[in-house]
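What follows is subunit A paired twice: with subunit B in the first complex and subunit C in the second.
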Partner chain A sequence: MMDTFVMRHLPALLIATPLFAAFLMPLVGNAGRTVRSAWVFLGALLTSAIGLALAWKVLATGTVLYVFGAATTQQALPPDAAFPIRIMFQVDALSALMAVIVSLSSLGITIYSLAAESKQSGLETFYAMLFLLIAGVLGMVVTGDLFNFFVFLEISSLAGAALVAYRVDDGVAVEAGLKYALLSTVGALAVLTAIGILFAQYNALNLASLAARLQFTALDKVALVLLAVPLAMKCGAVPMHFWTPDTYTTAPSSVTAFLVVSSQASLYALFRILFTLYGHLVQFSWATFGWFLIVLGVLSMFIGVTMAIPQKDVKRLMAYHAVSQTGYMLLGVGVGLAVLGNAEALKTYGKTAMAGGLFHIINHAMYKGLLFLTAGAIFLRTGTRNLNRLGGLGHTMPWTMVFFMIGALAIAGVPPFNGFASKLLIYESVFRFSPFLSIIAMVVSILTLASFVKVFHSMFLGPPRAEFAEAREVPAPMFIGMALLALFVVVAGLMPQPFIDHLISPAVDALVDRSGYIAAILGGR
Partner chain B sequence: MMTLLLLKLPYFTVVVLTLLGLAAMVFKKNLIKILMGLSLMESAVNLFLVATGYRMGGVAPIFTNAPSPHMTLPTVQALTLTSIVIGVATSAMMLSFAMVIYKKYGTVDSQKVKKLKG
Partner chain C sequence: MDVTQTLQTGSGAWNPLLWLLALAVALALALAIRSRGRKDFREGNGRKPFISGNEEPGNAGGHVPASNLYWGFLESLKGYYSRLVPLHTGVPTDYVAWLLGVMALMLVIGLTI
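Moving on to the complex of A and B:
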């Protein structure tokens, strides 16, 4: 009985659990360190378990609908109305993929932070904010309501900004936090204006019913720009990437690893809006918007990696690589969008390109999270992030070195790690679309490898240094957190096919199948 | 003609407020003034939302003793309330950031608050 109740209310529990964990945190924190740590661990474990269970249910039985306040959670339309009036969560295979990403990485990151942050003060607030961030990101990827999406976007932005500024660090972190909060708020206001424009015309906030009614008037085009540009900014695409290096560098490493996931939730929203809300309209030119994503992607890939190479701060360098890797996802999905009108091309290479792009999202969340966590481990033991000062750490921190190698080889697309699996899909399919783009993608990978070889050399190789004689291996929770992410990187690299068949392909089909998304709400109407 | 103009007036106000807010954010150097500009833009968006929800002659959907059967769905009002609450939280957080910056740097001039680089 309990089991069915939980299974029926999974989407609501997915948001309620982290919120509950967050708001009780100040109270639980009074009971002492051990209780607080146990509470944090339990909250993260439960949230991840619910996320994975929900994803499993969606992949096994199809789209899960959860209508708040209706007689049954499946009743999308009130009996006497032709359009949905309630807030609902609509979890299809693409949302399920994102839920898996958030679940896996949030678990690894929270366990890591238990040890990494243990010396800091004000940890109740820190963890309350971390759980709010998790709740916001989860909400963004499961909601089927545009205004609800805005609310979750704001929750994740605010919690993210507060976490960036958490270590005041002589004001530098607060400066970065303010920058992030300001940009996020302006972006969110643009999104809200777009929602207002769409609501004023179509009397709907529900994504599916808006998608069914959209006429692509001049105002809709304005709304599209107001939605697409802020979301592209939030996912860190060049030329709107300027906040990423500051934010990612100054945030505590566990938070940085999660901010990567949060920016990918914006990427998800961008795809959702382009494919589901605006796709398949007669006047709509797929090629134009496909190329919009492709150009953003190529710029991000190339400028990101070239900015990364000269960096001296290891986290700043990784932040520019995060921009560069986002480019691959935009490129892969952009190629899919560009050939969406051409059934033949979509079948032969479009879907493969999209699969590569979406697979890269989950792979990136894992290896980039892992890299940021290793950077945090090194900062914890040495107190510096400056590559010119670091060196010889391979002697004292061998496991951190191994994890760094796994992450670095994965980001550079070296087999047999997961970055290779998704990049290979992108290279193959993009080559059939335009060989030139594929070559750029490969060159960027080589530059990425070069950059990480340099980082590896300056951090871990060389004779042991006297000033880092105190450095030793990280405590167990940090080790477990990194090991969890590293395990995924290796497993998904060695056996990518099960992941592609059971997780990525359904997500690609869900993204392309616009009428299916609408029919889940409106039925035959 | 006059009523039409009056009905469009909120939208003009929205445009003016947005431009004022943007100008403050772009041209002012004081962090507090930049945040005031952001607040202005928030008010503009809220006004826009409420303005789109207005229907001539419509009444609130309270069925007891309703003076007219023409009712408007108060969705935008609900949205605006939510948006105001979010706006308050955002402003409070950013103003407290500005306070910390003033404590650490001794200034709120955005040109001088530049320890971040690259």
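Moving on to the complex of A and C:
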């Protein structure tokens, strides 16, 4: 009976659990460090379990609809109503993919943070904000309502900014938090304006309902731009990426790792807007907006990696690589969007390109999260992120070195790690669209490898340095957090096809099948 | 779920387990060749690596810092970097300006199609 209740209310519990964990955190924190740590672990474990259970349910049975306040959770339309008025979550295979990413990442990252942040003060606030960030990101990927999306975007942005500025003793962190908050607020203002434009015209906020009514008027075009550009900025696409290195560098590493996931939720929203909301309109130029993504992707890939190479701060270097890797996702899905109107091209390579792009999202969340966590481990033991000062740590931190190697080889697309599998899908499918783009993607991978060879050499190789003689392996929670992410990187690399079959392909189909998304809400109406 | 499945890319295929098998075979071959080498060789024993007749440098100070790596690459792309790096001003209002600029450009493109 309990099983049935939980399974029926999974979408609501997915948001309620981290919110509950966040709001009780100040109270639980008073009970001592052990109780607080246990509460954090339990909150993260439960949220992840619910996220994975929801994803499993969606992939096994199809889209899950959850309507708040209705007689039954599946009653999308009130009796005799022409359009949905209630708040609802609509979890299709694409949302399920994102829920898996958030669930796995948040668990590994939270466990890691238990040791990494243990010496800091104000941890009740830190974890309250971390759970709010997790709730915000989860809400962004499961909601079927545009205004709700804005609310969750704001929750994640504000919690993210607070976490970036968490180490207030470092003025740079506060500055980075302010930059993140400013950019997020300006972006959110544009998103809210777009939602207002759509609501004024169509009297609806529900995504499926709006998708069914959209006419592609001049105002709709303005709304599209006001939605798409800020979301591209939030995912760190060049030339709106400038906040990324500033923010990722100064935030605590566990926060940085989750900010990567938060950026990917914006990427999800960008794809959702372009495909589900606008993608079906005959007046909508698939090629134009496909090339919008492709151009952003190529710029992000190339400028991201070339800016990374000269960096001396390891986290700043990794932040530029995060920009670069986002480019691969934009390129893969952009090619899919560009050929959306061409059934033959979509079938022969468009869907494969999209699969590569979406597979790269989950792969990137894991290996980039892992890399940021290893950078945090190094900082914890040495007190510096400066690559000119570091060296010889392979002697004293061998496990951290192994985890770094796994992440570095994965991001560079070296087989047999997961980054290679998703990049291979992108290379081969994009080559059929434009060989030039594919070659750029391969060159960027080579430059990525070169950049991480430099980091590996600078941090781990060479004779032991006297100033880091006290450096030793990280505590168990940090080790476990890194091991969880590393395990995914290896497993997804060694057996990519089951991931494609059971997680990625359904997500691609869900992204392309807008009529299925609309029908889940409106039925025949 | 068949975990040994080959990844189909549309134009080709990739099986990491076969790749690992090939790697293991190559490793076994390398070890077999190595085992046919001189058995009487021992490290040390008065032998030194030959570095064009130079003395082998000691470990102390042997680490090359990160800034010294890829010097040639950065030097050859000096023109590119001299334009790209100054764009990263660190000024928040500049960041907002880029966002608004891209938005304006896309509005012009969007409204003309």
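Here, the second predicted complex is superposed on the first by the 523 of 525 C-alpha atoms of A that agree within 3 Å, B and C clash if a C-alpha of one lies under 4 Å from a C-alpha of the other, contacts with A are read in each partner's own complex, and residues count from 1 in each chain.
By definition in this document, a contact is a pair of C-beta atoms (placed from the backbone, for glycine too) under 8 Å apart; a residue touches a chain by one contact, two chains touch by 3 or more.
Bear in mind the structure is a predicted one, so any value in this text is a computation, not a measurement.
A.B. asks: Looking at the overlay, what does A:Leu192 touch: subunit B (first), subunit C (second), both, or neither?
C.D. replies: It touches subunit B, and subunit C stays clear.
A.B. asks: Touching A:Pro84, do we find subunit B (first), subunit C (second), both, or neither?
C.D. replies: It touches nothing on subunit B or subunit C.
A.B. asks: Of the partners subunit B and subunit C, which touch A:Leu182 in the superposed model: first, second, both, neither?
C.D. replies: both
A.B. asks: Touch test for A:Gly407: subunit B only (first), subunit C only (second), both, or neither?
C.D. replies: It touches nothing on subunit B or subunit C.
A.B. asks: Look at A:Asp246 in the shared chain and tell me whether it touches subunit B only, subunit C only, both, or neither; answer first, second, both or neither.
C.D. replies: Touch status of A:Asp246: both partners.
A.B. asks: By residue count, which of the two partners contacts subunit A more extensively, subunit B or subunit C?
C.D. replies: C
A.B. asks: Residue overlap on subunit A between the subunit B contact set and the subunit C contact set?
C.D. replies: 178-179, 182, 186, 245-246
A.B. asks: Which of the residues in subunit A come into contact with subunit C in the complex?
C.D. replies: Subunit A residues touching subunit C: 178-179, 182-183, 186-187, 190, 218, 221-222, 224-226, 228-230, 232-233, 239-240, 242-243, 245-246, 285, 288, 292, 303, 306-307, 309-310, 312, 348-349, 352, 387-392, 415-416, 420-421, 424-425, 428-429, 431-432, 450, 454-455, 457-458, 461-463, 465, 493-498, 500-502.
A.B. asks: So in the complex, the part of subunit C that touches subunit A is made up of which residues?
C.D. replies: Interface residues on the subunit C side: 1-12, 14, 16-17, 19-20, 59-60, 62-67, 69-70, 73-74, 77, 80-81, 84-85, 87-90, 92, 94-96, 98-100, 102-103, 106-107, 109-111, 113.
A.B. asks: What part of subunit A is in contact with subunit B in the complex they form?
C.D. replies: 85, 147, 151, 154, 158, 161-162, 165, 168, 170-172, 174-179, 181-182, 185-186, 189, 192-193, 195-196, 199-200, 203, 205, 245-246, 250, 311, 316
A.B. asks: Of all residues in subunit B, which touch subunit A in the complex?
C.D. replies: Touching subunit A: residues 25, 31, 34-35, 38, 41-42, 45, 48-49, 52, 73, 75-76, 79, 82-83, 86, 89-90, 93-94, 97-98, 100-101, 103-105, 113, 115-116, 118 of subunit B.
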